[in-house]
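Structure first, commentary second.
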Amino acid sequence: MNTLEESTVLDTKVLEMNMGPQHPSTHGVLRVKLKLDGEKVVDAECIIGYLHRGIEKISENRSYIECVPYYDRTDYIAAVANVYGFLLGVEKMMGIEVPERGRYIRIMMVEFNRIASHLLWLATHAIDIGAMTVFLYCFREREEILKLFEALFGARLTTHAFRVGGLWKDLPPGFEQAAHKFLDEFPARVDEYEQLLTHNRIWLARTKGIGVISGKEAIQWGLTGPPLRGSGVDYDLRKARPYGGYEEFEFDVPLGENGDTYDRYVARIEEMRQSRLIIQQVLKRLPGGPVRGKAPKIVKPPAGEYYSGTESPRGELGYYIVSDGSAQPFRVKIRPPTFIGLQALRRLVKGHLMADVIAIIGTLDIVLGEVDR
Amino acid sequence: MIENLIIYFLIPFIKIGAIVLILSGAIAYLTLLERKLIAHIQVRLGPMRVGWHGLLQPIADGLKFVLKEDIVPSKADALIFTLAPMISLIPAFVVFSVVPFGPPGMFEGLLRGILSRFLESASVERIVSNPIASGGFVTDINIAVLFVLSVSSVGILGVILGGWASNSKYPLLGALRSSAQMVSYEVAMGFAIISVLLYAGSLSLVEIVQQQQAGGWWYFFIQPVAFFLLLVCGMAETNRLPFDLPEAETELVGGFHTEYSGFRFSLFFLAEYANMITVSALAVTLFWGGWLPPFPNVPWLGFLGIIPPVAWFLIKVFLILYLFIWVRGTLPRFRFDQLMNYGWKVFLPIALGHVILYAAILAI
Amino acid sequence: MELIFFYILAGILVTFSILTVTAPNPIRSAVYLISALLSMAGLFFLLEAEFVGAVQVLVYVGGIMVLFLFVIMLVNVREMETQRRASRHWKTAVVLGVVLSSELIFLVVRGADIFSTEGIGSNLIVEAQTRNTESVGSLLYSTYLLPFEIASILLLVAMVGAVVLTMKEK
Amino acid sequence: MNRFVPQMFTEWGTVDLNYSALLPEIILSLTGIMIMLVIPFVPTARHVSLGYPALAGIAVAFLSLVATRATWDQRGEAFFYGMVFQDPFALFLKVLFLFATAALVLIAMNYLDQEDRAQGEFYALLLFATVGMCLMAASADLIMTFLGLEILSISTYVLAGLKERERKSNESAIKYFLLGAFSTAFMLYGIAFVYGATGSTQYLIIAKVIPTSESEPFLLLLALGLMLVGFGFKIALAPFHIWAPDVYEGAPLPVTALLAVGSKAAALVALVRILFQALPALSPEWQVLLWMSAVLTMSIGNIAALTQTNIKRMLAYSSIAHAGYLLLGLTAHNELGTQGILYYLVAYALMTMGAFAVVQIVGGRDEQYIQIEDYRGLGYRHPFLSVTLSVFLISLAGIPATAGFMGKFFLFAAALESELYGLVFLAILASAIGIYYYLKVIVLMYMGDFQEETGTLITIPLSLRIVIAIMVLGTIYLGILPGTLLHLASEAVNF
Amino acid sequence: MIPVTHYLALAAILFVIGTCGVILQRNVLTMFMCIELMLNAVNLTFITFSRFLNQLDGQIFVLFVMTVAAAEAAVGLALIVILSRRADSLDVDQANTMKW
């Protein structure tokens, strides 16, 4: 992997280059100003804000219930998980209890969402590095999950999944069978991806030793989620500060060792498998009863501040909600995991080649909707 | 006089015309083949709308390219920008003038049949006995291999100049990459070919095939390593995955042709696929016995002769093209420095060692 | 017939050579030079030196000129496009060029008379030119064996030199 | 299977592959390759010590010459299909080049140490350059001369550009390269016409063919002119000398010494072989050309040296002037002239190399003390350096009892023998001018008012001290007792 | 058969064009290309002589000239690259830190 010195043999002046905001591999409208020495990255500056919609400010002028659909649109890849985090906070402030069936179904859908999100990540990451076929394979599986979403929520992407106090309605008939069918097939499919990638020499050459960050440094940069765990730090909110009933399920938190792109890749692949296990446990133990608890028509939390942190597919997603006792939040501050994670990009890409920038952006799994809000 | 005119002008022109037409068609349908194959590898259907299973898709694409607006970026070097696609396309076609599609004397019967209506039999015989007239190739020159190598090296310039003339950073990087890449892999490729030449003792492609016939073995069975070297280097030379760095769409947007659109883009596109066919044809000729059936001298395999030589040639070319497409559907892309490392530190030593080994075997 | 080819090739050659010399920026020069080199290869074919002709294309166009283009792009010539050309000299250059070439041509044409006498070099006649490549090869590995080996040292020196020069400080 | 057996396999029985004629070249090349192979395994701090294997290689090459000494008398016969000679002339020059390179390696070691540069390739390139020089000295064919010259030139292009941190070095390397390549084209064009006129490039055949052709040798005259232009550039003869001062100034000091001694000597002896062995029939023509060039070279070199303030530049012009003296021997075209050239080359190598060695030591890191002014009072600060430098400068000036005087004496004598009175008169005039600027430095060293300590403490490695001492002794010895060397030279001149 | 003088005259013209180019052009790269042109003129001369002397030695020469041209190109372009790193211009007239 120490080929960088050689590749700098024939270079001259620093070339400044704009990657994005319209570029196939910046996953939206990220713009990176690269300073290149030949093909080696000397410096990288992220320029964000092209997708800024002021969601936090809009929230201040909406009632708590009206806010929810906006959070579908921050991280649109993991809309379910985003809404979930906000609602957990609101319910905690109001002291609303969600019935057990509701809680279980919520966890199931969030984990489905995690799988779907990781599939999308794998698809784009693979095609960034040039493996076209994995892209479409991943979309095939994601499609199944989106169909489940459609059956339950009536929408595929911006699902407006949950309501204060639980779900809008119970599972539709046939949902469980469909879910079981998907879960049974899924491991073989993941093996298929791994066949194409995990032991592929080119893939290893492109990901091992790229964008290495130690656990300590990862914490300092505020990385969370798979990028943190890829560096070997055992920190998963579902285990560290269980919420919403996660403590009732058994699952492992996959960890990497070297903190490189490959480890983050392996961690995410393994996380998909673990999510599947959680869903299977949920389906096995799914109790009867209502899916929605008692909740007032107008949500007026008592004045105060509350922080709700959940483990979204991308890392720690935090909602810091300030209430002044009215029906509208006084302030909602979102802690988007990849907004924080993106700042490490400069540190990660320095000294690598231009092609690695693509791999590293991919490995951070950014969603610009979330970064810019 | 009239005989010479027929031998050296009329027949070659007909052949060239046929090759240009057939090749253009082949390229067009190669793109469709690629799209369909990759689609099926990726569990989807590919083009389905235009014609039965998308059979007319290439024509529609061609029309679209031709009818699109012709854009030259305002800061581009217009002259070179215009020339570059042609520079890369023309050599790709020129190479085929020395590729033997069939054995010498392939058109003997046909020619005799047509010409005997117009000419007296003596001159007909003179024409028919001339290999340039009756052979399954446009011409057979005694430096054909060198010719192929040198002409295809001209094609590289198109890529480089196109990248430079666009006056844009992504194309420039693409051009830089391609110049380094193609020069590096050309060396290993040359050595892979040299080990064949050691055995064949000729630079003429026709003679190389004839030598394989005389030996009874395709050179593939004697020098499989050289074949794979040629194939890998060929992939690199034609910018195919996993070596498609000059155009790596996810890194360099479109590489050297980022700024190209419409007709000019289609020329680059054609050139890439024409080069694929060239490499396949070269590999077939050098290693897979060109127009020969497998094991041409084994008597009980004689029934394979039912299939005409040209068909053998085309089948083999198709198989190699299939391999190209298959690889594209399977592998990720190298990084630039890794690519150079492989070229210089893996393929070149292997190729050198291979040549030395086989030269030693021959000398003993 | 041959003469027509010669004049066409010569015309192209001279035109592109002049363009090479007068082009406004190096990349244009390179493109013109490439064209000139290609037509030069054509002349080699005309002179029945097909092996050298093919090598000319392979080495010059496929190797040296690619290297030139690579370096031109590397040093980013476009920024220097506005540089002045030494136009104040061009009249002198034309005069000089015409005088020099006519002088040279005169000497050459006078000197080439010896070829009509056909006596020189006939002691070294080589076999028929039909197998040009093979003859060149065997000559290279017999009479010119030593220069051939020396050339390899030359290339080694050049390679080492180029790498040493461009390597950054350790 | 039809096996392709090249003809060479069948012909090898009769090949005159006389490897003993190429022993030093082979050994030096192998040493150079070995040095480059071990470079990656040598820690950067110890790159300087790679000079020792280089020295060892030179020693082995020298021993190989000594061992095969008996075979080096095959006059008028060329080996490897008429490509190289194995005659005393080649032996003499090869020994000279080997010694010069050994001294250069020592200077280079000091240089790399001072500049703190980790460039083991320096030695390898020096060795390759020597290979080129040796080939030129032994060459029996224009193509060999050309290839040897190119090996030498390309190594020196690289060496001249090795100080990549410094703009001066870059510029001088580029200039040297462009003009070098330019002159190569001229030389090649000349070779082409020689080939066209005679049908061969081997010296012996050319010499045989020329007298037989009756018509006026237009092509050969053209060839002669073009080749003289080419060699003129390489030897830095006026009017093709303009590159020399810049390049000498900009290049690293060991490289300057190489250019001044090695390149010049090698190109000169190659020219000697071409003119005397291949084109003696054209001697009236080239004598005129060389006469003019000699006059120009001597006067320009000496006069321009007068105004220099930089000692490297001054030595550059002085070396141009010395090339002019050497041309006397060529112009004379007699046996004494060739002897004189050989003798003078040895003397010139000793004194120039010695002077550059001292300049290198005094110059210090990044060549800070390179102005002539910096030598003010050196006599008090460092007697060893100043005494030795004085000897070298006196010898360069051609004052009696030094090698430089004897060398000039032989050259002038040869010219007189060929009745070139005017030329000798001008040469004496030019050397009289030369005395002034050489003595200026000596005067400055001893009589300049001694100021406070400007230079840093100068330390000289023992090895270099010994080398300089040997050079001084050699200079004086050759000046007083020229007999031995003259005898060797007279044996060497019979081609 | 084309007379030998035609070829030689053509080569001479090319050589002179190249020479003028070296003198006229100020860009190092273009100067270098002009030198390549001169070398090609030499090659043409060699091939012509080889053809009309009916011997192959001239062609061998051309191969060596090409070798040398390639070697020179490698080193020369390396020098140009490091010059462009130091200086912003490849104009030889601006390469004048040293006086004559």
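Each chain carries a letter (A, B, C, D and E) given by its place in the written order, and its residues are counted from 1.
Just so it is clear, a residue touches a chain if its C-beta (ideal position, glycine included) is under 8 Å from a C-beta of that chain, and two chains touch if they have at least 3 such contacts.
Bear in mind that the values here come from a model prediction, so they are computed numbers and not experimental data.
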item: Chain located farthest away, centre of chain E as origin (C-alpha); value: A
item: Interface ranked first by C-beta contact pairs; value: C-E
item: Relative to chain C, chain with the most remote C-alpha centre; value: A
item: Separation of chain C from chain D, taking each centre as the mean of its C-alpha atoms, in whole Å; value: 30
item: Euclidean distance of C-alpha centroids - chain A vs chain E, Å; value: 61
item: Distance from chain B to chain A - Cα centre to Cα centre, in angstrom; value: 46
item: Chain A: positions in contact with at least two other chains; value: 10, 12-13, 15
item: Chain C residues counted as touching two or more neighbouring chains; value: 51, 55, 63, 67, 70, 72, 74-75, 104, 108, 112, 120-121, 124, 132, 143-144, 147, 151, 154, 157-158, 161-162, 165-166
item: Residues of chain E that touch chain C when the two form their complex; value: 1-2, 4-10, 12-21, 23-27, 29-30, 32-34, 36-37, 40, 43-44, 47-48, 50-57, 59-60, 62-64, 66-75, 77-82, 84, 89-91
item: Residues of chain B touching chain C in the complex; value: 77, 79-80, 83, 141-143, 146-147, 149-151, 153-154, 156-157, 160-161, 163-164, 167, 172, 175-176, 179-180, 182-183, 186, 203
item: Chain B residues within the chain A interface of the complex; value: 38, 41-44, 169-170, 173, 177, 241-242, 244-245, 248-251, 253, 328-338, 340-341
item: Interface residues, chain C side, partner chain B - complex; value: 27-28, 31, 34, 38, 50-51, 54-55, 57-58, 61-63, 65-67, 69-70, 72-74, 78, 130-133
item: Residues of chain E that touch chain D when the two form their complex; value: 8, 15, 18, 22, 28, 31-32, 35, 38-39, 41-42, 45-46, 48-49, 53, 55, 57-58, 61, 64-65, 68, 71-72, 75-76, 78-80, 82-83, 85-87, 92, 95-98, 100
